[in-house]
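Comments concern the structure below.
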Amino acid sequence: MTTSVLSAPQQHKTRDGLRQTYALSKRSTLEIFRQPALIAPSLIFPLFFAALGASSFGRTVGKVDGLKDVSSFLEFSLASTIAQGVLFGSTTGGTALATDIQNGFMDRLLASPSTRVGILIGRLAGGSVFGALQSIFFIIALYPFGVRIQGGIIAVLIMVLSGALIAMSLGGFMTAMALKTGSPEAVQGAFPLIFISLFFSSAFFPRESMSGAYKTIADYNPLSYLVEGLRVLTLQGLTTQSMAQALLIPVAIGVGSFALSLRQLSNRLAQL
Amino acid sequence: MTQPPIQGAPIVVHSLVRHFGSGDNLVAAVDGVDLVVEQGEIFGFLGPNGAGKSTIVRMLTTLLKPTTGHALVAGYDIVKQADLVRRSIGVALQDSAIDPLMTGTELLELQAVLYGIPRAKMHARASTLLERVGLTAAANRRVITYSGGMRRRLDLALSLIHEPTVLFLDEPTTGLDPMSRLALWEEVRRLNREGTTVFLTTQYLEEADQLADRVAIIDHGRIVRQGVPKELKAKVGAPTLVINVSAPQQDLAKSVLARFGEMRPTDEGSLAVGLIAGATGVAEVVRALDEAQIDLHHLELNEPSLDDVFAEATGHRLEGATPTAEQTVK
Amino acid sequence: MLTLRAMRGLQRVPATFLPTLAMPIFQAVAFAGTYFAITKIPNFPTDRSINWFISLSGCMGGAFSGLGLGFAAIRDIENGFMDRLRMAPTPRAALLLGPLLSALARTFIVLSTVLVVGYFFGARPTQGLAGIAMFYLAGFGLAIVATGWGLGIAYRFRDMRGAALMQLTLFLVMFTSSAQAPMSMMQGWLLQVARVNPMTNILRLSRQGFLNPPVGGVSWENTWGGLLAIAVLGSLTICFAYRGLRKLER
């Protein structure tokens, strides 16, 4: 029997698991950049909306509650531009997973002795790397138009990390959707839901300026606090609360969505 | 190390059942299957689409849990020791499950990592396998540019990365052109000669006949026949001897033939007999016809095919069982 | 007959019509809610944010009803049904008129729904029936423009790339106008673009019935620009579609 190429399972299990996760992450990251047509809209559209918003609502600065101490609407928009872009991008990973399921590549992964958690993290990692790069891209792209980050380099790092975490946490929902349906179309179809939830938050306009049922929804929407955290980092500077909002909210969402994905994965194995 | 000596046969399946759906929609895709695949065999699993072939392969390769029953693959339980099963088997599933955006080398190296092959051995192993399946030149091209045959070959290479002792091939040649099919068969034979036990599903009779040491025929989730193809065919009955003679001699020829077995229906102008003695009896028939001074225009001996076995067992014929191009190539 | 078929398609495949219906409604509600405070800007022509955004949704509804026929044409071309239609001894004009009438019927459904839902979210017409009529007029006009544009692109691209292109162009034209904010509020590049964008005129036509004078209010001054834009764009895009249909034959 030829067993020479295999390493012993027990002592190397953890190391193998990390290697596998790394290799799968590398794959999903490379894949994103091999499909420029898929990622271009998630870079261009948020910038278009930022430009549109700055020209349309520039006059509200200084006059509307929540915008009174803001120097430019574009600066106010950076946080929502990042959130919006990362949200756009987060469908890519879910769609790719659904495609893997459809063309059978997922079966190949599952039939190998790699860990289930590793397969999922590997799938989400590409989106996560892209989320971080998107944050950097938007910060750099808006810099020539006078957008400055008051929190300095640490705030920039937190925003980049936050981008990665948002991508991973929302990507988790897309992954769960992909595992449940196995259809790329269904994953794309679920995208408006996430987009709507961003609209019913304070992402695009301050919560202070809202009223009625709309304000209530925005008050309960965790995305409001996430974007507000990023916004404080941009407009005011480093505060413990803003850092916590920018990082812990996506982590909390991520724990939930990742658990959901794992569950869908084991359902898939049992019921399919 | 990972794989202890396999006690007994590499694949032992006992009363395996898999249901889908529930209530009125309950479908028993696999309905109580027993089988044993011996060390070093090529085992052919033959059946029409939807018969349950893939469901069994998915269970044996740990992708799907059985509803009831159990199975040992490479000596490990497919449910309780799934991870150990995965380390011992190679799997090439239907439709070459390959990510089109990656290159051949990248896929092989990823596969190597997934199976815990040390980095030091990884590159050498990948290039050996690429060479083996004739893809060295295409190694650094994205798979999206590969032809169907190339994809299947890469698929096979991927499933061999960890030198598995048991190899599962789920319809490995479906959709391939005749030349690619022959090349793949040759590679499977070579692997088998080197000691790999092969479990192969197919809907092509020809493939099962050519490759398999033993076959199981599955229909509606149950195994209806199992054994060595030659013996299965023999059990269906004697081969059919068909002759053509001139019209005036028909009756005489018929009386001669009837001595060798039961007359069988055939085309007009021909005569057919179920030759009890088999191929060895042909010479005697020819001598008898010669003695009766009958001019023989044409003679052929038709062995029973696996399709006859299938038809005899299930009462219907296998779809796509009609002879295809590769039989003439052969 | 062809109108009937297009309408029946709508009845049988509600999933394809649903986004056309849901999107403008969602947009009216979401924009009005998010940008609730926009009306607090001095001299804003209405004190209800939904009154400002409902016209954008109406125009969006009309436009996407029109594009929906473009999507349908792409499907027809892909599955070969278009060839069957073209082989029939039907006048070529009927191949355009059918979808056009269907687009108008769809638009009527969308606009009426937007109005009803808008009313629930606080939209109140300020100029009575004449104002409502203008709202419909602008929606129908954009439906014609978008049908021509959608079919023209569909006949030229013949696959789903066309769908992306027709959506993207319409989207860009729509938003680089007074879609989000009144001209008086705009600054910078957008002001320059919106000033020459015919969509601004069509939106002005649509908004007459929901804004306060002088920006709102039914008047010839607020109407003629939109009508002219619809007439010119409509003729151009219908010609574009007709020539595209001819091209299919070559």
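Here the chain labels run A, B and C in written order, and each chain numbers its own residues starting at 1.
Definition applied: contacts are C-beta pairs under 8 Å (C-beta built on N, C-alpha and C of every residue); 3 or more make two chains touch, one makes a residue touch a chain.
As the structure is a prediction and not an experimental result, all values here were calculated from the model.
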**OP:** Make each chain a node and each touching pair an edge, then name the shape: line, ring, star, complete, other.
**Re:** line
**OP:** Go through A-B and A-C and name the pair with more C-beta contacts between its chains.
**Re:** A-B
Original post:
How many angstrom between the C-alpha centroids of chain C and chain B?
Top reply: 59
Subject >> Whole-Å gap separating chain A and chain B, where each centre is the average of the chain's CA atoms >> reply: 47
Subject >> Where chain A and chain C are represented by their mean Cα positions, the distance between them in whole Å >> reply: 32
**OP:** In the complex, go through chain C and note every residue touching chain A.
**Re:** 26, 30, 33-38, 40-42, 175-176, 180-181, 185-191
Subject >> Touching residues on chain A, where the partner in the complex is chain B >> reply: 1-9, 12, 16, 19-20, 22-24, 27, 30-31, 34-35, 100, 103-114, 269-270, 272
Subject >> Contact set on chain B toward chain A in their complex >> reply: 1-3, 5-6, 58, 61-65, 83-84, 86-87, 89, 91, 93-102, 106, 109-111, 113-118, 121, 125, 142, 158, 161-163, 165, 195
**OP:** Flag every residue of chain A that touches chain C in the complex, lowest number first.
**Re:** 48, 51-60, 63-66, 196, 199-200, 203-206, 209-212, 214
